[in-house]
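There are two complexes below, and they share chain A, which is joined by chain B in the first and by chain C in the second.
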Partner chain A sequence: MANVTLKNLTKTYPGQVTAVDNLSLEIADGEFLVLVGPSGCGKSTALKMIAGLEPITAGEVLIADEVVNEYASRDRDIAMVFQSYALYPHMSVFDNIAFSLQIAKVPKAEITRRVGEVARILQLEDYLRRKPGNLSGGQRQRVAMGRAIIRQPSVFLMDEPLSNLDAKLRVQMRSEIAQIQRRVKVTTIYVTHDQVEAMTMGDRVALMKDGVLQQVDTPDNIYNRPANTFVASFIGSPSMNLYRARLEGEVASCTLVLGGNRLAIPASVFADRAELAAKIGADIIVGLRPEDLEDAALLPTHPADQRLAAHVILNESLGSDHMVHFPIDAPLAKVSDQDSLDEIVVAEGVCIGRFGARSLVKAGQSIEVAVACDRLHFFDAATGLAI
Partner chain B sequence: MTALSLADRRRRGAKAVRTRLFVGIARSLFLAILSLMVLVPIAYMVLASFKTVPDFFGNPYGLPGTWAWDNYSRAWRDAHISITLPNTIIVTAVSVFGSTLLAALIAYGISRKEKPFAMGLYTFFVAGLLVPVNMIVLPLFILIKWLGLFGTLMALIFPYIALGLPLGVLILGPVAATLPRDLISAAQVDGATEWQIFRRIVLPLMKPGLISVAILNGVWMWNEFFIPLIVAFKPESQTMPVGIVSFVGAYSTEWGLVFASVVVSTAPILFAYLLMTRQFQSGLTAGAVKG
Partner chain C sequence: MTQNSPPRTTSVLAPQLGRKERPERRATSEIMRKYGHLLFVLPGLVFFVAVMVGPTLFALVISLTNWTGRGISFEFIGLQNFQDALSYWPLYRAAINNVILFVAMLIFQHTVGLFIAVQLNEKPRFMEFYRAVLFMPVIISLVSTGFIWTLMLSSNIGFINPVLRDLGLGFLAKNWLSDPATALPTVIAVTAWNSVGWAIVIYLSGLQNVPEELKQAAHIDGANGWQTFWRVVFPQLSPSFTALTVLTFIGTFKTFDLVYVLTGPLGSPNYRTDVVGTLIYRTAFGGSGNYTDDISMSFAIALALVVFAFMTLIAWALIKILRRREIQS
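Presenting the complex of A and B:
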C-alpha cells in the first residue's frame, strides 16, 4: 500500500507537443482515483509516466513518498492492467497470471497456491490451462486483473481496461473491479474516457483536458459543482446546456435574460455564490442540467416566472423518462470537446431536457418548460470558470 | 428489372458449373506442372544415385538396370561423407542458430522505434543482400588467415553468421515491428529484465519468423560451395558440397557416387522443410497485414 504524489508532472514530445502540462495530484493510500478526459487529453501518458513506461520531461512521481522518476517499471512496486489486456498469447492462463512470480523466482508451490487463490476470486479456475486466444473478452479481462492482483503491489494502474468489452459486460466488470479494489484496498489510478465509469467507480475523479488538470474532486462535487464549462459539459449525459445570458435587476429580484426568455433567479442562489452579485448587468454563461428542466404540465405549481416557452423538435422516449429537444434563441457557449456527440447537438442551438415518464409532449408541440432556477450553474463569460 | 425464367436460370447455373469445372481443371493442371518441375529432378537424382557409370550414360532417364546400392557405401567412404556430413551439420546448425538469434536481437532492437537511426540500421543490414559473395571472398580470406582460423570450422561459421544476417533482419524486422507494444510494457511492469522480455516474450512470439529465417539460411549454408572451397580447403574442415566435387574428375566422373552424395546431402534439408512447412509459410507472411 502506498500513496502516490505527482508534482508538476510534464511530458513534452519532440516538436514541442505537450501531452501533460504541470500535473499535480495527491492520491491517498488505498484511494480509487479515476483520471478521465476526452481522447488525447494526456491521461494515458500520465499513467505511463507513473508506470515508468514513458520518460518524464519535468516534475516528479512519488510512490510511498519516494521519488521514483529514475526507477525502472519493475522497481516501482506497481501492477498495470492495459486496454488491450496485453496477455501473453503463447502462455496459458496459469502462466500469464504467474509470470511476475516466476520472474521473481518465487517457489513453485507458492506460485501454485497464489494462482489458485486469485483464480478462485476471479472465477477462472476452469480456464487455467487455456490460452488467452480461447477465452471470451470478459475472461481475458479477468486474467489481466488476476495478473495485477497476484503481485500484491502497492499501486494498481488501469488504462481503460473495460473499453474493449460490450456494454452489458462492461457494467458487470465495472462493479467487479470496484469490489475487488475495495476488498484489496490497494491505491488505484484508473484511466477512462467514459464518464459513467468515472462517476461510479472512483472515490475521486480527476478531469483532464489538453494535458491540463481541470478539476479533482468527489464524483458528486464534480457533477454538482463543476469548476468550469468544460467540466460542466463533459460530465453528465446528456451534457449540460450552456448559453450566454445576462443577469438584470438586483439580488433580491434578479432576472436572467436568456434570449427571448426571462427567468427569475431566487436570492438563495446569490447566497451560495458570493461573486455572482458582481456579475449583475454583465454577460455570463448559464448552465442548465437536463434533469433541472421539466414539462411544466407536470408541475402546475411551478412559478410562472421560472418557465421557458419552447417548441419541441424531438422527443426521445426512454421509458423511464423523455429526452426532449427544443431550441433556445440564446447564443451558445462554445466548449471545445470534439469527442462529445452532445456537443454537436448543443452546437446546433438545441437544448435537451429530461422530462418525467408521465410527460405527454410530442414533437411539433409548443410547450412551457419548468426550470429549477435554484439549480442553475453560472460561469464567467470570459474565462469559463465557475462563479 | 425483368424476372428470369426457370429455363434461363438453369442455363446460367449450368454455365457457372462448367466455368468452375474449367477453372478447377486449369488450376490443377498448372499445379501439376509446377509439382513435376520440382519432383522430376528429385526423382532423377534418386534414380541416378543407384546407377553405375555405363548405366548412367546408356539409360540416363530410365530405372537402373542393376541397382548399385554400393554407390552409397562407396560415397560414404571415398567422398569422406563420414567427415563432411558432421562438419556440414555442425557448421550449419551453429551458423543458423547464431545468425537467427543475432538477427532476432537486431530486428527487435530496431523495432523499438525510440532508438535513433533505426531505419538507417535496418537499411544497413538489409543492404548486405546486395553484396555478392565473390566480392568479399578475398578480404574474407585475408581476415581468416589473420585470425588464424584456417583448418577450423570457425572459418566457415563466422562468415556464415554474418552473411545470414541480412535475410534474417529483412524477414524478422517486420515481424518484430508488429509485436504489440503493450506486451513488452506488461512484461516490464511484471518485473522482467530486457533479456527476460526478449527470451520469454519476444522470441516465442517471433517463432514462425525465426523458423523461416532458419530454413532459408540453413539451405544456403548447407549447400554453400564457394566459401568452403576457398577457406576450408583442408580435408578435415571440408563440407559436403566440396567433398562431392572430389568425384568429378578431369577425364571421368563417377556420376552414381556424385548423385548418391547429393541425395545424402539433400535429405536432411528436405526433411526439415517438410516438418516445418506450416511455420515457414506463416513466418514469411507475418507482418504483411495487420493482425
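Presenting the complex of A and C:
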C-alpha cells in the first residue's frame, strides 16, 4: 500500500489541447478517491498518466513518495480495472486472474492457492475454467477485480468499471467494490462520470471540469459546501436550482430578492459566510437544493417570509417523494458542461422541489413553497465561486 | 345517369365467379407465396451452374474417356484415368514440390509477413507509403512478375549477379533458375516477394482489431513487450492465422503461371520446379519436351480432379482444425 501524490500534472496533446491542467492531489494510503466529472474533463487521462499508459507533459506522479514518471506501467506496482474489463478472451478465468503471477514466475502451487483465495472472495470458484465470453457482465467485472486484487498492488486504478453494467447490477457491484476496497485497504483511484458512484463509494471526491480540478473533499462537503456553481450543479440529483438574485437590507434583517419573491435570510447564514455581508446590495447567484424546498402545506409553522409563490407545471411522483416543477420569474444562472446523467430537469428556468410523500399538490395548482433559507447556497455572480 | 347506369351485380359477383372459374390461379399464388423468393436466387444460381457446376460435370465426363484433346474420337474407359493418376509418380514429384512451396510460404508469411505487419501496426512515419510499396507486388500480374524476375536473375543481362560481385559476394552468384540446387528456392523467393503483401494486409487488419486495452492490461500485469505479444496479442490473431494458412495452401497448390514463366512448362531443370499446375498443363497441352502422343486431355482432367479432391479435403481439414482453435479462444 502507498500514498499517491500528483504534482502539477499536465497533459497537452498536439494542437495545444490541454486535457489535464496542473492537477495536484494527495491521496492517502488506503484511501478511496473518486475522480468524477463530465465526459472529456480529463479524469481518464489523469488516471492513465498515473498508470503510465499516457506520457506526462509536465508535473510529477509519486507513488509511495517516489517519482514514477519514467517508470513503465509494470514497474509502478499498480493494478487497473478497465471500463471494458480488458479480460484476455482466449484465457480461462483462472488464467486471467493468474496472468500477472504467471508472468512473475510465481510457483504453480502458490498461484493456485492465491487464485483460489481471490475466487472465494469474489464468488468465482465455480467459473474458474470458463472463458470470459461465457460469463455475465457482473461475473466479468468480478474477474477484472480478481485480476487486480491478486497482485496485491500498492494502488488500484479503476476506469469507469461499472459503466457497462445495467442499473441494478451497477448498484450491487458498487457496494461490492467498496467493500472489497475496505477489506484489502489498498489505495484506490476510481474514475467515473456518475455522481451517485462518486458520492457513495469515495472517501473523498475530486471533481474535474475541462482538465481543471474544481474541488476535492468528502462527499458530504462536496454536496453541502460546493466550491462553485459547476460543482453545485453537477453533484445532486435533481441538480441544484441556480438563479440570479440580489441581497437587500442588512445582516440582521436581510432579504433575498428572487425575481418577484422576497425571502428573509436568517442572520446565522452570515455567521457561516464571512464574505456574504459584503455582497449585500450586489448581484449574486443563489442555489436552492430541491430537498430544501417543501410544500408549505406540510409545514404550517414555516415562517411566512421564507415562502415562494409558485404555479406547479408538473408533478413527478416517485412514491417516496414528489419532484414538483414550477417556474420562478428570476433569471436562471446557466452552468455549462453539466453532465449529470440522472438529470431530470425538463425545461430551462424551471425550479424543481422535492416535496414529501404526503404532499397533495397537482399540476396547474398555485401553491406556496417553503424555502429552508438557512440552507441556501450563495455564489459570486461574476466568478461563480462559493461565498 | 343513375337510372341508366348498368346494374352493380356484376362488380359484386365478379370476384366470386372468378374464384369459382379459376381455381388454378389460387394454386399459382399459393406456390408464389411459398417459393417466390427463390426467383431472386435464380439468376445467380443459373450463372453458377453454367460456369462452375456445368464445366465440372463436363470435365468429370471427359475424365471417364480416353479423349486426347485432338479429334472427336473417344471411348469411355471408366475410372482408368483415375487409377492411372493415383499411380502416376510425376504427380507425386510435382505435389512434393507444391508441399515444399506451401511449407516455405507458410513459414515466410507467418514470420516475415507478421513481423512487417507488427512494425506497420506501430504506425511509423510514412506508414501509408510502406504499406503501398509492400502490397504493390500483389497487384502486379504473375506473368509480369515472372518476366521481371527472369530478367533480373538472368546470368547474361540480369543485375543480381553483378550486384553480388560488386558487393564482394561473387561466390554467391549463380545461374539461379537453371541450377538444380537454387531453382526451387528461387521460385519460392519470387512467390514470397509476390505474396507477402497479402500476409501483411491480413495480419495488419487482425492486429488493428486487437483492443489497445488488452495490451495495456498485460503491461500493467507485468508483461514485457515480447510476453504481451505472444501471450495476449498473437492469440487474438487466430482468425488471421486461419485465413492466411488456408489461402496460402490454396494459392501454392494452384500455382502455375509464375513457375511457367520462370522455369518453363517442364519445371526445369530436370523437373526440380515442376508443380501440379505445370504437370497438368503439360499433360493436357504438351510441353517442349513432350511428344504429342503423350498428350491426353482426359488424363490431365483426371489429374486435376484428383488434385481438386485432395485440396478440398485438406483445406476443409485445415479450416476445421484451425477454427476449433479459434472457437476455444
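We adopt the following convention: the second predicted complex is superposed on the first by the 378 of 387 C-alpha atoms of A that agree within 3 Å, B and C clash if a C-alpha of one lies under 4 Å from a C-alpha of the other, contacts with A are read in each partner's own complex, and residues count from 1 in each chain.
In this text, a residue touches a chain if its C-beta (ideal position, glycine included) is under 8 Å from a C-beta of that chain, and two chains touch if they have at least 3 such contacts.
What you see is a predicted model; the values in this text were computed from it and never measured.
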| item | value |
| --- | --- |
| Contacts of A:P132 with chain B and chain C, given as first, second, both or neither | neither |
| Contacts of A:G287 with chain B and chain C, given as first, second, both or neither | neither |
| Which of chain B and chain C A:A104 touches, first, second, both or neither | both |
| Intersection of chain A interface sets (partners chain B, chain C) | 51-53, 72-74, 78-80, 82-84, 86, 88-90, 99-100, 103-104, 147, 151 |
| Residue ranges of chain A in contact with chain B within the complex | 48, 51-53, 72-74, 78-80, 82-84, 86, 88-90, 99-100, 103-104, 147, 151, 157 |
| Touch list for chain B against partner chain A, complex | 180, 182-183, 185-193, 196, 200-201, 204-205, 207 |
| Chain A - residues contacting chain C, complex | 51-53, 72-74, 78-80, 82-84, 86, 88-90, 99-100, 103-104, 131, 147, 151 |
| Residues of chain C that touch chain A when the two form their complex | 211, 213-214, 216-224, 227, 231-232, 235-236, 238, 328-329 |
